[in-house]
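Across the two complexes that follow, chain A remains constant while its partner is chain B and subsequently chain C.
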Partner chain A sequence: MWDSMLSAFGAVAQPGVIWAVASALPVGLLFGLLPGLSGLTALAVLIPFVYGMDGLQGLAFLLTAHAVVYTGGSVTAILLGIPGSPPNAATIIDGVPMRNKGLAGMAVGAAVTASAVGGLIGAAVLFVLLPVLRPVVMAFGPAETFVLAMMGLTFLAAVGTGSPAKGLFAGAFGIFLSFIGYEPVTGVPRYWFGSEYLLDGLRIIPIALGIFAIPELLALAAGRSLARQQGPLPGKQMWEGARAVFRHFGLSARSAGIGAVIGIIPGVGGETAPFVAYAAAKQGDREPERFGTGVVEGVIAPESANNAKEGGALVPTLAFGVPGSAGMALLLGAFLVLGLQPGPEFLRLHLDIGMALVLVLAVANLFAAAIMLLLTPALARVVTLPPALLVPVLMALVTLGAYSVANDMRDVVATFAFGALGVAFVHFGLNRATFLLGFVLGPLVERYLTISLNIFGPSFLLRPIVLVLIALTVLGLAAPRLRRAWRRRARA
Partner chain B sequence: MTRAAATSGFVAGLVLLADALVVWGMTAGNYPWAANVFPGLAAIAITAFGLWVIACPAAGLEEAEPLSLQAVLWVAALLPLLYLAGFRIGLPLYALVYALAKRTGVLIALALAAGVALLIEVMFVRILRVPLEEGWIVERLM
Partner chain C sequence: MSRLISALAALAVAAGLSAATAQDDPTVFYQGKNLIFVVPYGPGGGFDQYARMLAPHLDEKTGATVVVENRPGGGGMTAINQIASGEADGLTIAILNGVPAALGQITEAPAIRFDLADLTYLARVNAEPWVLLVSAQSGYDSLEDLVQASEQGEELTFGGTGRADGPTDAAAVVCAALELNCRMVVGFQGSSEVSLAAIRGDVTGFAVTDRSARDYSTGSEDLVPVAVIGRQRSALLPDVPTIFEAADEVKNPFWIEFRGGIVDVGRAIVTAPGVPEERVEFLRQAFEQILTDPEVVAEAEAKGLPISYAPGSEVAQTVKDVLGEIPEDRLTDIRDVLLNRYF
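Presenting the complex of A and B:
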């Protein structure tokens, strides 16, 4: 083990690997900054470049680009109100109100630093679990995944700001729309009305871009500027944001832990982790009603989880050759291109490469945060540009981002259609984040409940980890009430 | 109509839409039982939460900026433009016209359009190799 670690340090310090990390960092950050271009696109574009690289160099190149996408995406989410990639949508809930208060620099500083801290914790989780991860991953089957997805659904009300009824309604509507297309187990197509586009189900990127970006663009086109500058300059605010992450280090660590655990479980999906972390942060806060009004904790929690889940997602990829996310599936392909076969044998034969990937993940997250912190003063000034210049550029990025998901004009039409829905949601006070969370979780609940019932019958609810997860869910839901009752009693 | 009343109307519309789709799936759509279970459960949740919203539609309604018809038309105009002129012509043209219409200087508007064209060419055509939609006009001319 220690030999492997020393060997990993030596391998990462090689000029070829350093070059690979350095060249992939700006690419990953740029893909994050541009709305609609996800880590998946970054990997798809970069895979051809790894031909001819040696194993670790190629993997370091791809992993770096993939891991730092969400760091870049958080900046777009806060400054423009448009999620750089779907997992950044949770950052909008408090990031945009912070920007509107003139605290854009602080929000970006906190998001970027939280991303680095989360990424480091995710790498640490991977490091700790690498030698013992087989039983950990094997413990999570479809029954446990179903209960985790249900746990996510119970957070719908917590993610919502304002009226809980409206948050739950929006979430339920998101769940309903996720059922369009093939039913995951029997393969029966639903609600497609003869449209080939609907047969595959609605895609998340056009939805996320539509409901978040179009209302923002409409407001800009109506002449509203993005920020009303107040207080210190964005550069100074940024350091306040960074300090806030360390002031709330417990929150950051807890959110990163949630992200890493969700990342480990194949099939739960990276979009869930930041929302669950946000909801947990809100439920655990003494004054949960502050969330959604522009508090820094609402930015720290989802961003810590976002980057931590990448370390977690590497666990099943390396240990079993089972990708934890779509991005990891592409990375798995790259392993094969580079002549490496992930799985139990991989860790026995190449534990040093596994350890080196942990180091790459840690280094990439640190450097990504450093680059973004250096760029923040300049990037934060984007919000002061006149709408006449911002609107056409953002419209171009949004339509191109939606189109490039599948090179399909119907995705652009879907973006506009969901844009109209987003405008209505904003106007009627319905929560867009819970809508997106419902859309992500709906198919997971359906798929894993059906599989669990087929394998175990209703007794799947009595499996030990399932019981623990149910207890945690109930505890999570009851915690704010229990705390309030406790405080009332203490005061009396 | 007040915003609270409009909220109730909008939510009621979505509730009816979801319920109608589920009933259609069970009857005319002829979906098997298993395929109707989850949409049915979701529709029940939508109906229950929708009724809750309708009972107190003003909750969570913050002061909203009024929708500007002009802004809506500017944003919506891009979609037909993309179908007609495609991304490579449509987006720079949109940037140019938009900037000029908002009384930006001609040079700045031209630079903006050139910047958008460059972004499309470098990022999406050269690097990402996205086969961009050419648009109805270009397809007819070619």
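Presenting the complex of A and C:
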């Protein structure tokens, strides 16, 4: 163990690797900042560059670029209300109200610091688990994944602000849209109306972009300007925000833990982690009604989870060659390109590479946060730019981002179609983040329920971890009510 | 004056003729043009790697600028749809995943709007035999174990991602060939997730390409390769018997031959139907030179990309044989086994 660690340190301290991390950092941050260009796009674009590099260098390059995307993405989510990548959508729920109150600097400072803390905790989780990855991944089968997805769905009501009925409707509509395309298990095509584009199912990036970015840009173009500069200068606010992460360290750590665990489970995918963390933060808070009005906790929770999940996602990727997230699927490809085969053999032969990756993850997150903190005062001034300048540039970026998903013009059309939907949502006061969550979770619930029934029959509900997760779900839902009852009893 | 006119006319005719022959001469035609090499999957995967490895060699042999373009979608079929209905100028080629394409066509999958028999085949890059793996948790470690268990009424479950996706139909033809009591458990997101399920013991086993089988089973005892689904052993797993060697009696060998033919289509390079003959020949020759060059083969092997070349004409023939005149009742049978019987 220890000599693996030492050799890992040695491997990472090579100039080639340091150079790889240093050059990937700004690229990853940039991809995160620019709306429409997500971590996946970053990886897809960068993989061809890796064909020439050697083992650890190439991996460090890709991992760095991918891991820090969410740090950069949080800034765009808060300042512009446009998620830099789908997992940043949960940050919008409280981030944008904070910006509107003039607290943009604080929100960004908190988001970036939470990202770093979350990323470090995620790396630590990975490090601790490296020797025992197998049993951990083995424990989470289709039944456990199903219950986790259901847990995510039950939080739909919790995540939404305003009327729970509207939140549920938005989420249900998201689930419905996820039905378009092949049914995950039987392969029966649904709601495709003969269109080849719909046969594959709707893609998440055009949806996330369209539904969040377009209404924002329309509002900007219509003359509404982003926040007035209220309160202390952005620079000062920023350190306030950074301090808040440590003041609420329990929350930060808990959210990171949630992110890491969700990252470990291969089937669930990364988008749900920030939402679950947000809902858990809200449900566990003394005054859950504050969430959604612009509280810093609502920014810390999702951002912490966002970066932690990358450490978690590496677990099944390294241990079994099973990608823990869509980004990991691409990273897996890179492993193979570099001549490494993740799987049971890999950790036995290359434990030091595994540890080196942990180090890279930790370092990348730290430096990303440092860079973003340095840039925040300048970036926060973006909100004061005239819309006439902002809108065309952002519109161009959104279009580019939509096209870059699969080199398909129809994705751009879809983005604008969802833009119209987004405008309708905003008009009717429907929660767009809830909608996105429903869209992401729908197929998971369907898929893993069918697989679980197929393998175990209904008795899958009696598996130990499943029971624990069900208990947690019930507890999570009941928490606010229980807390109120307990407080009443304490007062009496 | 009239001499000038006839001289000019002769010049014009000569220019016209040479332009025509320049168009006819593929060496001149491809010089400096963009040759798009379409990959029907996202970057980083096996097909992407093959294309990116071949692109510089193709660039050199044709004089064209080869650009690799990823067009994922439809399980790899959308890009092929586009190729099949695209311009027949020979400037767009694609690397085809033969197995799901052929199976999809036979089972009339909605994503497929091409006819494999119409496409122009330039070469086959590789064809991988499929191997049946069994979970150590199941307690079986040979094909005969599976046969006996099935005869005693045990149900064998095999994992896959969907219907006619590769793993599922490979397992299905084994079940049909040996008349096993099988059930498919599908819906997993990729064969690596299937492998996890098998390691856990959630399913009895699953089928994958020999390359994946080697990666999953080497150095670990969780998964045991029990048979190669075909007539010949795999070079990557020389100790694994073929299904004909491992089983006492293969009751319906047709299924193995049938799938073997589909596997032979393999990873093929295709272009649109109707491309002028000379350009097809030119590209076929280029690929032959590249894929039979021992240095290229060694370079590819080193990257984990084995090459087993077959000329385009041979692939075209295989496609005709496999997909050609299948009698209606046989077709119904095939569709039943691939889509119905074991679900």
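The rule is simple: the second predicted complex is superposed on the first by the 491 of 492 C-alpha atoms of A that agree within 3 Å, B and C clash if a C-alpha of one lies under 4 Å from a C-alpha of the other, contacts with A are read in each partner's own complex, and residues count from 1 in each chain.
The working rule: a contact is a pair of C-beta atoms (placed from the backbone, for glycine too) under 8 Å apart; a residue touches a chain by one contact, two chains touch by 3 or more.
These numbers were taken from a predicted model, which means no experiment stands behind them.
Looking at the overlay on chain A, is there a clash between chain B and chain C, or do the two fit?
fit
Does chain B (first) or chain C (second) touch A:L336, or do both, or does neither?
In the superposed model, A:L336 contacts chain C only, not chain B.
Report for A:T450: first if it touches chain B alone, second if chain C alone, otherwise both or neither.
both
Pick one for A:G10: touches chain B only (first), chain C only (second), both, or neither.
After superposing on A, A:G10 lies clear of both chain B and chain C.
So in the superposed three-chain picture, is A:I47 touching just chain B, just chain C, both, or none of them (first/second/both/neither)?
second
Just to be sure I read the superposition right, which of the two partners does A:V426 touch: chain B = first, chain C = second, or both, or neither?
After superposing on A, A:V426 lies in contact with chain B but is clear of chain C.
Under the stated touch criterion, which partner chain does A:L168 make contact with: chain B (first), chain C (second), both, or neither?
first
Please indicate which partner A:V185 is in contact with in the superposed arrangement: first for chain B, second for chain C, both, or neither.
So A:V185 meets both chain B and chain C here.
Is A:N407 touching the first partner chain B, the second partner chain C, both, or neither of them?
After superposition on chain A, A:N407 lies in contact with both partners, chain B and chain C.
So, A:L217: does it touch chain B (first), chain C (second), both, or neither?
In the superposition, A:L217 contacts chain B only.
With chain A at the apex, figure out the C-alpha centre angle toward chain B and chain C and round it to a multiple of 10 degrees.
About 80 degrees, rounded to the nearest 10.
By residue count, which of the two partners contacts chain A more extensively, chain B or chain C?
The partner with more contacted residues on chain A is B.
For the superposed arrangement, tell me the lowest C-alpha distance between chain B and chain C in Å.
9
Which chain A residues are contacted by chain C in one complex and by chain B in the other?
Touching chain B in the first complex and chain C in the second, residues 185-186, 407, 450 of chain A appear in both lists.
If you look only at chain A, which of its residues touch chain C in the complex?
Chain A residues touching chain C: 43-44, 47-48, 51, 137-138, 141-142, 182, 184-187, 189, 192, 196, 199-200, 266-267, 316, 320-323, 329-330, 332-334, 336-337, 339, 341, 343-345, 348, 406-408, 447-448, 450-451, 454-455.
Show which residues of chain A lie in contact with chain B when the two form their complex.
These residues of chain A touch chain B: 34, 37, 41, 45, 161-163, 165-166, 168-169, 172-173, 175-176, 179, 183, 185-186, 188, 190-191, 214, 217-219, 221-224, 386-389, 391-393, 395-397, 399-400, 403-404, 407, 409, 412-413, 416, 419, 423-424, 426-430, 442, 445-446, 450.
Over in the complex, which chain B residues touch chain A? Could you list them?
3, 6-7, 10-11, 14, 18, 21, 25, 29, 31-32, 34-35, 38-39, 42-43, 45-46, 49-50, 52-53, 55-57, 59-62, 64-65, 67-68, 70-72, 74-76, 78-79, 82-83, 87, 91, 94-95, 98-99, 102-104, 108, 112, 115-116, 119-120, 123-124, 127-128, 130-133
Can you list the chain C residues touching chain A in their complex?
42-46, 48-49, 52, 69-74, 78, 81, 110-111, 113, 157, 162-163, 185-190, 192-193, 195-197, 199-200, 202-203, 215-216, 218-220, 222, 302-304, 343
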